[in-house]
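Once you scroll down, you'll see the structures, which are given as structure tokens.
Same chain, two partners: chain A is paired with chain B first, then with chain C.
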Partner chain A sequence: MAKSSSSSTAKDAQALIQSLRSAYSATPTNLKIIDLYVMFAIFTGLIQVVYMALVGSFPFNSFLSGVLSCIGTAVLAVCLRIQVNKENKEFKDLPPERAFADFVLCNLVLHLVIMNFLG
Partner chain B sequence: MEREKEKKGRKGERGWEGDVAGEERERKRDRERERESRLISFKVFSKNPRNQPPPKIKGMARSLWFLAFLLSLSVFTCKAAVFQPISDRHRSAALDLFVPVDGSFGSLEETYEALRTFQILGIDKVADINPATCPLVVETLASQSSKAKDIFHALRVNSILRCSIDTGAFEGAGSKLQSVLKDASSLLDFYYSIGSLVLIKDQSSESNVFLEDADGIFHSIKSLSQSDGRWRYSSNGAESSTYAAGIALEALSGVVSLASSGVDQSMIGIVKNDIMKLFDSLEGYDDGALFFDEKLVDASEHQGPLSTTSSVVRGVTAFAAVTSGRLNIPGDKILGMAYFFLGIGVPGNTKDLFNQIESLACLENNKISIPLILSLPATVLSLTSKDQLKVKVNTVLGLDAPPLTVELVQAFKSGSKDTHAFQGQELKFDPESSIHSLDLLSQSIDVGKYTLAFEVLLHDPEHKNIYTSGGRTLANIFVTGVVTIDGAEISVLDSDVGSVETKKKLDLSGESTVSLSANHLQKLRITFDLATPLGYAFVPHQVFLKLRHESKVEHIFVSGNSGKQFEIILDFLGLVEKFYYLSGIYDIQLTVGDAVMENSFLQDLGHVELDLPERPEKATRPPSPPVDPYSRFGPKQEISHIFRAPEKLPPKELSLCFLALTLLPFVGFLIGLIYLRVNLKNFPTSALPAAFAILFQAGIAAVLLLYVLFWLKLDLFTTLKTLGFLGTFLLFVGHRTLSYLASISAKVKSA
Partner chain C sequence: MEKTLLFRASILLFLLPFLCSSFSSENPTDRRILVLLDDLAIRSSHSIFFNSLKSRGFDLDFKLAEDPKLSLKRYGQYLYDGLILFSPSIKRFGGSLDLASVLEFVDSGHDLIIGADSSASDLIRDIATECGVDFDEDAAAVVIDHTSYAASEAEGDHTLIASDDFIQSDVILGEKKIAAPVLFRGIGHSLNAANSLVLKVLSASPSAYSANLKTKLSSPPSLTGSAISLVSVVQARNNARVLLSGSLDLFSNRLFRSAVQKAGTSIKYEKSGNEQFVTELSKWIFHERGHLKAVNVKHHKAGETAEPAMYRINDDLEYSVDIYEWSGTSWKPYVADDVQVQFYMMSPYVLKTLSNDQKGHYYTSFRVPDVYGVFQFKVEYQRLGYTSLSLSKQIPVRPFRHNEYERFITAAYPYYGASFSSMAGFFVFTIIYLYNK
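Entry: the complex of A and B
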């Protein structure tokens, strides 16, 4: 029973992932690029956190700016994704070029602060 | 105090040179005082080698007493002053001050001052100076452009160096000076040209220099004189000055010596009259020194008292030398000026030294009256070592005086105004050492401080017209001797009845250690007698009793004296509070000292154990022991700096490893892009939009590069400025690129 249930769960999970993948493959390529970018940013941030956990937080400002840079970038990328996504009716009138311009501007401002804080 | 005020006042009134003179004199007095006080302490310690460290002035009370002692001495010392003639001190000072650089002294004027000073002091330096200076002298005389002033200084230098100068140079300079003299209107023009002509006449045997219009020139110089005997530098509105008077007199004496036929005697008479008027403006100090001071203050060429007096002395002696008949200046005034120059001591700069030495040399050989200076080689005479009173009489430059007798006309003992018995005596002259001496021991003289008045009597009546010694000369001397101490006793008395509890004899000349004990109801009494060698009662300047507690708290008591006996009574009942209720052992120390007491002493007598009542709550606490003044200047305690411990850093390998790890997601990102088959097909193809797109990408790259630079080396302001430009550019380019892309996508949509 237990075996069958576990196998059924595995199957369910498989089915779920399968459906997720098929659903995701329908996503437009530009959104996939943004997703990839977000993942890149988050993993970079995670590696820094792991490094901090291993060797300690000195120098703390450098750690903070490194991690915040990643998180900030990720958040901005997510914002960009929201605005670019055509299914979001809310931003229907907003051209994706405008959204990209905002993204670039925000990134530049964010990194100016990050660089100042880096020490 | 009065004296101090007066000193300050006098200092303020004098010019800077006056200050030099005044300060030197003060210094001399200070030295004398210092010597006196040193004498005391020396004697004290030679008596008691094991006793005490040198008496640092510990308590306020003690230092005040010391001050009072010094002041009382200064009152005595200032009244009379004996001036010392020029000595080896001046010679070494001259060698220190006039230092040639590469065989010359700078300008010709400075060279002359140095050479003349050396010449007067008998120091031979001519050979050292000759090679470097003679070419300068020759060049100045031969040059067409040299002024009368330069020629004057060159000739003065030559008068000492005797460089080889051909007659032509002298004649050329002579004719030039004659022409200067014709057009001369200011006093300095006259002075330099006439002075130069006189020097040419002296130096060149062949050239025949004389003034044709001597009377005319004499008149034009005389026309600059004022009714009070002073002169003006030029006729147009210049103020009259005493310094100029000296210059004018020197120029006039030159005119007289250069005149081809004699100068009008009536004119010379008038100038002599002017000199008399000039001498009415002499100012003086209370020690007999007389000097001229400039009255005008605003002139740019203001001269101090030293150079003014020096100028007048030069002028007057030169004038007296060339004119017949005597100048009727009192010898006292000449002597007063000599005192002024000698009173300066050794000046600290070359100009002052030259003025002092040259003026004294002028006074040494003048035709009016030659001052004789009476001086005492020693002013402290000991009865124990049977010192004799010695007096020297010299000329101002330290040469021997003509045969004379020194008489001691009066002697005062300070404190009492009675004249002393040993006055009215002639001093014996010793021709070998040229010292006049008087045996004091045979005069039954007692210890003390004396003011002596001497008179100089010249043997040859002819000399009375030539020399001046200025009547009476006052001098202060100390006669020191051993003071006998008798009947020294220390005793503890019962307060209420006055009966003697314990009584001990003291031997103040040697060692004595007594140990006593007393309580607060008793008294401590110390008595002793002091007598001079002649048996009179002696009152020294310092009689102090010091009690020192174990905890270094000190108390000083001043003794009173009743006639012959000295008595110090300490009533402990009244002193309990002053002693801060500190019971225990007190060391007793007695100080007896005086400038004339050869056996002054500072001696430990022993100790007294005091039993005082308990200290009440409210009573003042004993002061903390004084800080040793030497420790204040010693090395300070070393400061150890505490730095923040450096943070622990991970090994370098680990950090590099994580650097590589952070790059991994980026690699993953790139792989993901390839997997998604991302391409750049949307990149504009036509030329202009492509260019804008490339510029847009380049702009973003530039901003990121700027950020990296900001991190590495730039400051915020530079970064923001550059970012401003880059941002504007990026905005423009980005707008064009993105709007182009938008228009394309819009077209695609509509299609």
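Entry: the complex of A and C
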């Protein structure tokens, strides 16, 4: 009984992942690129947090700017993704070129601040 | 004519510093002392005490306490540096002197000796109360001790007490031990518990009590045992010193000269301890001993000599101060191993004991704490019998300047890397995103 239930759970999970995969493969390529970019930013941020936990918070401003640059990057990329997604009716009046220009401008400001704060 | 006038004026100018050789911070020993007496006979009956003061260079001015021309001040300046009140029974001083002016005299840093006895008036008791000492409220009470009275002069009533219960302080009573007991005949007092500045110098033995000789003792006496102080001193916060004695006879020639044998002991001393006790105590009272001064407070960074206007956190610094003790004639180096300096901002961040070179030079070095703000160097030195030293010097401490850090910190390389990689990531992402259609 237990064995059959656990095997059915594994089957369910497999089915879930399968359906997620098939659904995700239908996502447009430009959104997939953005997702990859967000994953990269989050991963870099996590590495820094682990490093800080090991080494200590001494140049705390550097730590903050390093982590905040990753978080800022991820947040801006997610915003871009929301705006260029065709399925979002909220932004259907906003041309994707305009959204991308906003994204570039915000990134420039973000990295200017990060460079000043880095030390 | 004009020339001689000029000559006289120049002589006067030349003499001026010598004419004004009174109490000053450079020369703390008193010079001019007003002695108020009930009766001019005291002048001869207590002449040994007065002569010892005169031989030490004091200028005594004897006046009757009811003299109508009495005054401590003229044109806002004190005429005297010290006051001796040997007038226990005075009800009102003559002239402009009263309770308030005596207290004001002490409050302005001058010294006072009060000798009371069983005839002490309310005025004298009030002055004593203001100094933190309460004489027995029963006006007729005297100190009686049936175990440590002076055996040789016992007239059946045991009121001449031979006490050797002194305060343990070399600076107050002198370095030489007082061997013979001190003879005392008079009223006892208790110290005000709320006053931390008043000290018992000579206390009664545990078997003493304060009672009226003439009446039967119906209730327990209010003052008993070693709670009774016979002689007390006060050193006020402004370093004014006050001596309160319940016995005027303590200072008299008769007790100075009399032989003493304490009841119950076989040792007979040729001379009582009174003369030594009173002389040493008066030296302390009139600032011939135990008066400290601190000069030359210096601080600088380690390896430098100039005093900076500001320190940086984690600077190493050196602090030094010279402390001298007045010996009655000159300033001698003060040697002690318990002088401490505080580096203080709301609370002491650093508390260090100063080393000294046995010549009065105290020094130490320490590191400024890793905290910035406005600090003070503080020396608060309060020791029994010595005048208190209270030095403070303000100094700001600043954090590292922006350019005082290393330009690149090794520990921060991952953060630099992350920031630049997210910039590079942004650049790469832009290209891929734009060209993938």
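By our rule, the second predicted complex is superposed on the first by the 119 of 119 C-alpha atoms of A that agree within 3 Å, B and C clash if a C-alpha of one lies under 4 Å from a C-alpha of the other, contacts with A are read in each partner's own complex, and residues count from 1 in each chain.
Here, contacts are C-beta pairs under 8 Å (C-beta built on N, C-alpha and C of every residue); 3 or more make two chains touch, one makes a residue touch a chain.
Bear in mind the structure is a predicted one, so any value in this text is a computation, not a measurement.
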item	value
Fit or clash between chain C and chain B when superposed on chain A	clash
Contacts of A:Leu118 with chain B and chain C, given as first, second, both or neither	both
Partner chain(s) touched by A:Ile33 [first = chain B, second = chain C, both, neither]	both
Chain B versus chain C as contact partner of A:Ile82, first or second or both or neither	neither
Touched partner set for A:Val49, first chain B, second chain C, both or neither	neither
Touching partner for A:Leu94 - first (chain B), second (chain C), both, neither	neither
Partner chain in contact with A:Phe58 - chain B first, chain C second, else both or neither	both
Partner chain in contact with A:Val104 - chain B first, chain C second, else both or neither	both
First (chain B), second (chain C), both or neither touched by A:Ala13	neither
Selected from 146-154, 254-262, 326-334 or 416-424: the stretch of chain C that, after superposition, runs into chain B	326-334
Contacts on chain A seen with chain B and repeated with chain C across the two complexes	29, 33, 37, 40-41, 44, 47-48, 51, 55-56, 58-59, 100, 104, 111, 115, 118
Residues on chain A engaged by chain B in the complex (per definition of touch)	29, 32-33, 36-37, 39-41, 43-44, 47-48, 50-51, 54-56, 58-59, 95-98, 100-101, 104, 108, 111-112, 115-116, 118
For the chain C and chain A complex, residues of the former touching the latter	405, 409, 411-412, 414-419, 421-423, 425-426, 429-430, 432-434, 436-437
Touching residues (chain side chain B, partner chain A) in the complex	647-650, 654-655, 658, 661-662, 664-666, 668-669, 672-673, 676-678, 700, 703-704, 707-708, 710-711, 716, 719, 723, 727, 734-735, 738-739, 741-742, 745
Interfacial residue positions of chain A with respect to chain C in the complex	29-30, 33-34, 37, 40-41, 44-45, 47-48, 51, 55-56, 58-59, 62-63, 65-67, 69-70, 73, 77, 100, 104, 107, 111, 114-115, 118-119
